[in-house]
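First chain written, first letter: the chains are A, B, C, D and E, and each begins at residue 1.
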Amino acid sequence: MFIGRITGSIVSTHKVDSMVGQTLFVVEPLRVDEKNKDSLKSTGRTFIVVDTVGAGVGEVVLCVQGSSARYTEETKKLPIDAAIIGIVDEVTVHNAQVYDKDGEE
Amino acid sequence: MFIGRITGSIVSTHKVDSMVGQTLFVVEPLRVDEKNKDSLKSTGRTFIVVDTVGAGVGEVVLCVQGSSARYTEETKKLPIDAAIIGIVDEVTVHNAQVYDKDGEE
Amino acid sequence: MFIGRITGSIVSTHKVDSMVGQTLFVVEPLRVDEKNKDSLKSTGRTFIVVDTVGAGVGEVVLCVQGSSARYTEETKKLPIDAAIIGIVDEVTVHNAQVYDKDGEE
Amino acid sequence: MFIGRITGSIVSTHKVDSMVGQTLFVVEPLRVDEKNKDSLKSTGRTFIVVDTVGAGVGEVVLCVQGSSARYTEETKKLPIDAAIIGIVDEVTVHNAQVYDKDGEE
Amino acid sequence: MFIGRITGSIVSTHKVDSMVGQTLFVVEPLRVDEKNKDSLKSTGRTFIVVDTVGAGVGEVVLCVQGSSARYTEETKKLPIDAAIIGIVDEVTVHNAQVYDKDGEE
């Protein structure tokens, strides 16, 4: 899986029927910064991800890709390859807290 | 999933039977521009994608990859790993509208 | 899916039984050249792909990856993650014909 | 599969029910250093991986990706695309031991 | 699929039960050298791959990835995403033999 920040959303009114009603977020994945080991940085990639936990723009989320994105009740019949399965509270790397949801609010 | 612009198409008359009649578009994926956060730019990659929603060249579309590309009525038996599942009307990133279908027309 | 040029082949006599008799081509994927928008260029990657349509070295072909490579009669039981599913006649991008099989012969 | 070092963990209290109780480690994949052939180096990527063998931060682990991450008793119903399936004791490359768990302790 | 050279192996005594007894090789994938078209070069990546054909360190092998790695008798129940399915005898690219197993011995 990957963690990423929800930075926006897309609107698609003309889509396959099964996707009607799904929230489609723009998620920019994060990775550990090789230089500054105790911080996260964007990977530069952009994914469109279906939300299954009621997340919101600005939040850091846990995303699953591939066929496993269909392994939740809400997504099991959907033509999707990426889903949000959790809202991230905290990330600790190299004994340092590199992300803290409460700290950001 | 990813969003991308349909920039062309391919013709393949000699192909597996199940693919006869399928529209095969050239799609160039888009991502958020790290420098100019409120615009989209091409990733430099090129995918061939089957259309399931009647999209057209020039449009920005929502694409799904992998086994999930087979999770629509039209594609469930096809040997495909990428399908268009929606036409994108609008993309909002970092509180800015970075794409607006009507604005382009 | 991706399009690529068959640039060679491999021989493997000591292999899993189910793969006996399969043609194994070397395929170099192609993408739209960002600078010179109406031409194709190699991505620099190299795939080994099973042929299902009787293609030949030098031809540009349509390839599918992942589990979908098993979604043809010939490949459904094979341990493969890439298959040729069509021979490409023509590629049009940005209103320009960037590949024409007949033009090359 | 890939080998990587567990460098931290994430906390996600608001997540899909099936993920409750799962340990979510931050794993940084390792690869053979092209220049210094007998050492491993980070690939620069960051994965979030579910643990199935009781590994701990600092250990080098064997990880599987994709649908196969669901092929263990603990993970078969989970929406995950990466799982730890082993703790690595030793890595030998080009006849040199490039990692030795006991040597690090 | 990809071809790669087995350059080493890993030892993991503490692993999921189903993986006990599996040989875990370090494989460095090869690709056609864009500059010197009739030679192969390492991609710089490193995979851990289960062997199903009795290959050995130093050999160039044919590897399959993803769910298809489970499509052999030996691997169908294993949590793996990469398997060796053949030992490569010969690779011909751009009408030149770029690898010959016998030539190396």
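By our rule, a contact is a pair of C-beta atoms (placed from the backbone, for glycine too) under 8 Å apart; a residue touches a chain by one contact, two chains touch by 3 or more.
Listed by chain with UniProt protein names: A, B, C, D, E = Carbon dioxide concentrating mechanism protein CcmL.
Keep in mind it's a predicted model, so treat the numbers as computed, not measured.
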{"item": "Those chains which touch subunit E and also touch subunit C", "value": "none"}
{"item": "Superposition of subunit C upon subunit D: rotation angle, C-alpha, nearest 5 degrees", "value": "145"}
{"item": "Centroid distance [mean C-alpha coordinates] between subunit E and subunit D, Å", "value": "20"}
{"item": "Between subunit A and subunit C, centroid-to-centroid distance (C-alpha), Å", "value": "33"}
{"item": "For subunit B, residues contacting two or more additional chains", "value": "66-67, 69-70"}
{"item": "Category of the chain touch graph - line, ring, star, complete, other", "value": "ring"}
{"item": "Chain order, ring traversed from subunit D with subunit E following", "value": "D, E, C, B, A"}
{"item": "Subunit A - residues contacting subunit D, complex", "value": "1-3, 30-32, 34, 43, 52-54, 62, 64-72, 75, 83, 85-95, 98"}
{"item": "Contact footprint of subunit D on subunit E as seen in their complex", "value": "7-16, 18-19, 24, 26, 28, 42, 44-49, 66-67, 69-70, 77-82"}
